[in-house]
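First chain A sits with chain B, and in the next complex the same chain sits with chain C.
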Partner chain A sequence: MSQRKLNIGFTLFMLLLFILVAQLSPKSALILGLGTGLGFVMQKSRFCFTSAVRDPLLVGMTHLTQALILLIALSIAGFTLIVWVGEARGISYSLNVFPLGVHTLVGGVLFGIGMVLAGGCASGVLMRIGEGFGMQMLALGGLLIGALLGKLTVAHWRFVFGEWPGIFLPDKLGWFGTLILEFGALFGLWMLARWWQRKQVGE
Partner chain B sequence: MARFQLDIWGEMCPIPLLKAQKKLKGMNIGDILVLETEHSCTSRAIVVWAKDRAYEITEQEVANGIWHLELTKTHD
Partner chain C sequence: MAKISSVFWRGPWPYWVGAIVLAVLNILVLIVRQQPWGVSSNLEAWSEWMGGKIGLISTRNISGLMLLQSSGTYLNLGVILGAFWSTLAASQARFRPIRHRKFVVSALAGGVLMGYGARIAYGCNIGGLLNGIASSSLTGWIFAAAVIIGAWIGSKLLVKYLL
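Our next item is the complex of A and B:
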């Protein structure tokens, strides 16, 4: 079973590669380690972000949607901890976070259409190429072209569509209020997903 | 107890599941639908879907990265 089997040769290769990269640059080694770990978990669990947002409407299944909501809740907790500790100790960090604008919605719809056609989001496509599913090599080509074009023109779109001023919620509601709001919203979504599943399957 | 085969080789998730749903509608109770795919998530999705609807299903990885599914239509 490729889902359970451990490939000793490949594990050894990755370990040696990790040691090699660690001697050149610890930061690259960290990224390699994180990437490998993420890919490992995604392949073993067969987690699929596309399926999580598509299947509720297409086939009425929300198992993965519920898992995705849990994932977001865990990331919120983790990020809150990092940002909170960072702020308390005066450590500055830069996150790739941008304010919402019309271009966010346009991009989301475009990405959503491509994602369903290609049968996977960015991580899913990469993971399945690693598994040997040849058709998604095509999707990777499209993904690379799209990402490159987006990277080159994003400043233009942000200027053309305009964006709302960014809000840092903890400044308005405090850390505790923010967490309650976010977890409350996620809990509402989770209840909605469960209700939808029951309604579709008629359990 | 007829056995039906559906060609979903190389098809992307969710096409195999939609095809299986369509095929099942034309089958009698007790009939078996045989599916084979090399798409790991498709295999998983069909198993989860079948269990949700209380169909009988067996999943077997016959070779590295190839899944063989047998779905029995136990009810309408």
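Our next item is the complex of A and C:
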């Protein structure tokens, strides 16, 4: 059980790192703590966005897909609540409402192919590096190269195909309509995932 | 109590427990950072900085100090350290070498495709898919549909060439 001693050492290292970062910026230390929690929980629960999307197609299992749908639903509820409370208190959040273009679709498809080949998406690659996988250490190198190529060409995509400003659904449908639509869609996907697994593996 | 503690440290936790705890942490990140959790945009900033350092591109707007002060860096560093801590706590920490040469190719090619795709679509599975949708952005849903199509193509390639 030499790893038990290593664990005590590493726990002390994390504590020191946390204190050091807190000296520089308490907010960064808090963020580091939350990031550590995210990595810890992803590893402990074997949560992987890639398998959640890939496994239904590859082996017909959708348990993780259903968990991902739960994560998305809870996040929508949480984000909505935070934005509401923030509005009342005059705090504004910069949400991820990104522009939309042909490159959104092309990028998404390439990203989907890449994550299956590399055995993990961006967060999954980081988690597997923490787990010690050589394959994903290499994938991170590829990711950095790809990101640089993307930086050099993204302006061309915008120039050739154009780009529309992102649509924040509550602006079009109101909060009530948005939540109904989003939870309705997620519920539909959840039912579909359950049906798919029964059809594919019969349980 | 001892059993719960053992499952806590050794895992694996059920997927739905993971989903609930990840949702809580995801929401806490939004509160602290005033911006959702994301992975790829920080990696892109690092790649730009490195590209600038070795002279591939000219970087005017990214410095090493900025990266060290960026909250995205601490999130990404945290994910790696947290996953390592988790395996160490379960006495499962070890280096896991690549089993076959073909996985060297697929890791590199997959990584490049992923990095490129995330860059031109402005997000990965976290910032673009999960938190795009959680931000009630239409783009998040469209990106999710594209990722599913890509994963389907990727699975075909996986079955044909890698398994």
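Note that in this section the second predicted complex is superposed on the first by the 184 of 203 C-alpha atoms of A that agree within 3 Å, B and C clash if a C-alpha of one lies under 4 Å from a C-alpha of the other, contacts with A are read in each partner's own complex, and residues count from 1 in each chain.
Quick note on the criterion: a residue touches a chain if its C-beta (ideal position, glycine included) is under 8 Å from a C-beta of that chain, and two chains touch if they have at least 3 such contacts.
Just so we're clear, the structure is a prediction, and the values are computed from it rather than from any experiment.
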After superposing on the shared chain, does chain C or chain B touch more chain A residues? C
Is A:Met61 in contact with chain B, with chain C, with both, or with neither (first, second, both, neither)? first
Chain B versus chain C as contact partner of A:Cys121, first or second or both or neither: second
Just to be sure I read the superposition right, which of the two partners does A:Arg194 touch: chain B = first, chain C = second, or both, or neither? neither
Just chain B (first), just chain C (second), both, or neither: which does A:Gly141 touch? second
Determine, under the contact definition given at the top, whether A:Gly33 touches first (chain B), second (chain C), both, or neither. second
Counting only touches as set out at the top, which of chain B and chain C does A:Gly107 meet: first, second, both, neither? second
Residues on chain A touched by both chain B and chain C 1, 3, 43, 46, 50, 54, 58, 63, 118-119, 124, 128, 131-135
What does chain B use to touch chain A in their complex? 10, 12-14, 17-18, 21, 38-41, 44-45, 48-49, 52-53, 61, 64-65
Could you please specify the touching residues of chain C with respect to chain A in the complex? 8, 11-40, 43-44, 46-48, 50-51, 56-57, 69, 71, 74-89, 91-98, 103-104, 106-155, 157-159, 162
Residue set of chain A touching chain C in the complex reads 1, 3-4, 6-7, 10-11, 14, 17, 21, 25, 27-47, 49-50, 53-54, 57-58, 63-64, 66-68, 70-72, 74-76, 78-80, 82, 91-100, 103-119, 121-136, 138-154, 157, 166-170, 178, 182, 185
Write out the stretch or stretches of chain A touching chain B in their complex. 1-3, 43, 46, 48, 50-51, 54-55, 58-59, 61, 63, 118-120, 124, 128, 131-135, 201
